[in-house]
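Common to both upcoming complexes is chain A, partnered first by chain B, then by chain C.
== the complex of A and B ==
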């Protein structure tokens, strides 16, 4: 194509001028040629080819070895041009993917957004931070008409976008359950069947589901293989692991979940988390759960929201500000 | 960190010796090796995790895939010699009730 070719005679004159005078103005012209070449998509090998032709025009007696060296340079430039093209294509694709992921992440935030309940007599704090763009952790509050609150904390095993998509499915499945159907064990059993039928075999979900009754100051809960939370007894200043037996969602269709219930006393705290909290590492060292509890205790004089934020900051700092896993921490404190 | 996967055939079963860490980076390698064994009709697969000092939830995903594959291919999967931290993951997730896990260290203590 003519449009993609350099003007040979112009180039030849310029080259001749420079060879004879080493004149700056010829170099300036050369720069203009480079710019136009880029604008008109003229390839590197085309420029080299023009140079070779111009050189042969100026020196018809060009020694053979120089001619061979020029052919050699041309070959190198052809390969270089192809590699460069491939690199640019990849970079463009990468940018496209990046922007699609950020659109997906924003959409996820909208789809999975939840409102922290304002409950009289209790103080609730929540922090949930993804390790990458998309969060595989999930927490949700459902406000029932009778004043009870359903609390979900879940972690999708399998990271990134598939995990995030899966979480949206879970949220809508839960919302489609009839409102009188809110016992933790029933909810987990129904969800287990949804996940078992609809999700890839290597993906499964751990979930802690609690029904919180602020008026009666009780909480009933079941766990589908989720990282155990903790209960803080203000009376004797001790923590107790909230153990609940049950297999992760999506592994067997017959899973059953035991339901537990406890009363919440003044000054007590319920601590719900994902394994991003307990699996924190400092270099090669694992953070033991006692250490997590000590940190919680050291901030326990703060409001619930300040408490969870400070705990998060503490572990973020320990891990050099790079989370290995999504981090979710919910604390419910009963007022004294 | 890395994971080495070494498969040996002995006494009519496939023994998989793992060493290192199982996480999102090493899990695909393990999955490929494990599924190629559990997909053999009637095969007995024993995975030794004695040298695995770290496993995250992605690793659990691999063993769950393995378990599902044994059901389709009439094969067997058994995990042996787990370190405490790794065993705890199977315990918390309730998977010890679904997957055959034997914690005890053979010839130890």
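== the complex of A and C ==
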């Protein structure tokens, strides 16, 4: 149980020195002993025992009542010692769990990786950063043969491992849909049934699905209760919320989703995000979405990728480098 | 195990009797005061579980030997309700006292060997051994 014992003679000499001189240097050394003991897993009761033995060595005539009092102290410390051991074991377990999670996070990154489309006439930027190790946000690009691109942005209400597991399921469900299945409303309706059947009712998934047609310069989209995105009108330098009605995935099995379409004009931007962006907090204060838009505007002269990265850095700093929620931001800019 | 001595556990007071017997016995076997205190604590945990959950039972003591080393063997036996999920009970932090190191995982830490058999509705037997070092 005790891998190592305290060095009794060292302890005794130190104790003697201290009793004689009340010297601070002996106390400093005592501190070192205490730290070393923790490092070497020397139990609390073992330290007290060493103290008792040292005391008896120094004072062979130690009164019996003092001896008994020391045994009493030892007894009192046994349960403390046990609690400390449990704590150490739990700390080891925690480290194991942490490393398992980081493996899982790496796997998730591989599983959910996606390639940002490179389309003529447009500039696209993406950032997605998890608050903890595992990302509960999801974004994905599907490159269709006809040149159109399916864009998914989703958010699982709830964070961490359950959210991440859920996302992997969503991804594979979407991949199993036939390739001619491209309409945002249809996709959300199919996905809704999958989620309703397979995901724990306590878990909610919001999703924005868009079919982007670069050749026609249009985007059609549907939303399942997802945080609305924004449309930037270059002509009058204003933002407009991209409203789309639709119930969160998995709530009812017969959900229907409306599909909307808009044309994208030169210099305009489509901004898709998760609530980790709009619900950034500065201290106790939630920032307003106007603030997000201000920040986006202030970087809008940059390329789309630089733009999203700068917005992220801005809010990362604003939140003292401690994200409270997963942060995903996608910006599609039409060239002028 | 012919000469095993047992202490019956029926009242809370009997826990003290079992501790006392275990301490004297371990002193005789040559355990130092730290191990005596550990053994007494393990006995407390076992006896208190009998008292609380089984109502009554006994704690038996024996000397054991193994290639030159001596040890104490303590068996806690009852015919109470038994423990349904042993793995769960052996998990840190499960006990009702809530992760204060005590309970059955604590007994396991205090002793060198730990063995538990339990059948729901029939009872529980926990056997622990500690060797003199």
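Heads up, the rule we're going with is that the second predicted complex is superposed on the first by the 264 of 336 C-alpha atoms of A that agree within 3 Å, B and C clash if a C-alpha of one lies under 4 Å from a C-alpha of the other, contacts with A are read in each partner's own complex, and residues count from 1 in each chain.
FYI, a contact is a pair of C-beta atoms (placed from the backbone, for glycine too) under 8 Å apart; a residue touches a chain by one contact, two chains touch by 3 or more.
Since the model is a prediction, treat every value here as computed from it, not as a measurement.
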Counting residues of chain A in contact, which comes out ahead: chain B or chain C? B
Between chain B and chain C, whom does A:201 touch in the aligned arrangement: first, second, both, or neither? first
In the superposed arrangement, which partner chain does A:75 touch: chain B (first), chain C (second), both, or neither? second
For A:325, is the partner it touches chain B (first), chain C (second), both, or none of the two (neither)? first
Classify the contacts of A:315 with the two partner chains as first (chain B alone), second (chain C alone), both, or neither. neither
Which of the two partners, first being chain B and second being chain C, lies in contact with A:275: first, second, both, or neither? first
For A:84 in the superposed arrangement: first (chain B), second (chain C), both or neither? second
Chain A touches which residues of chain C in the complex? 32-34, 37-38, 40-41, 92-93, 99-102, 105-106, 109-110, 112
Touching residues of chain A toward chain C in the complex: what are they? 1, 45-46, 49, 52, 71, 74-75, 78-79, 81-87, 89-90, 93
So, in the complex, the side of chain B touching chain A is made of residues 24, 31, 56-58, 60-62, 64-65, 67-69, 85, 92-95, 97-98
Listed in rising order, chain A residues that touch chain B in their complex are 155, 157-159, 201-204, 206, 224-228, 245-248, 251-252, 255, 275, 279, 286, 324-325
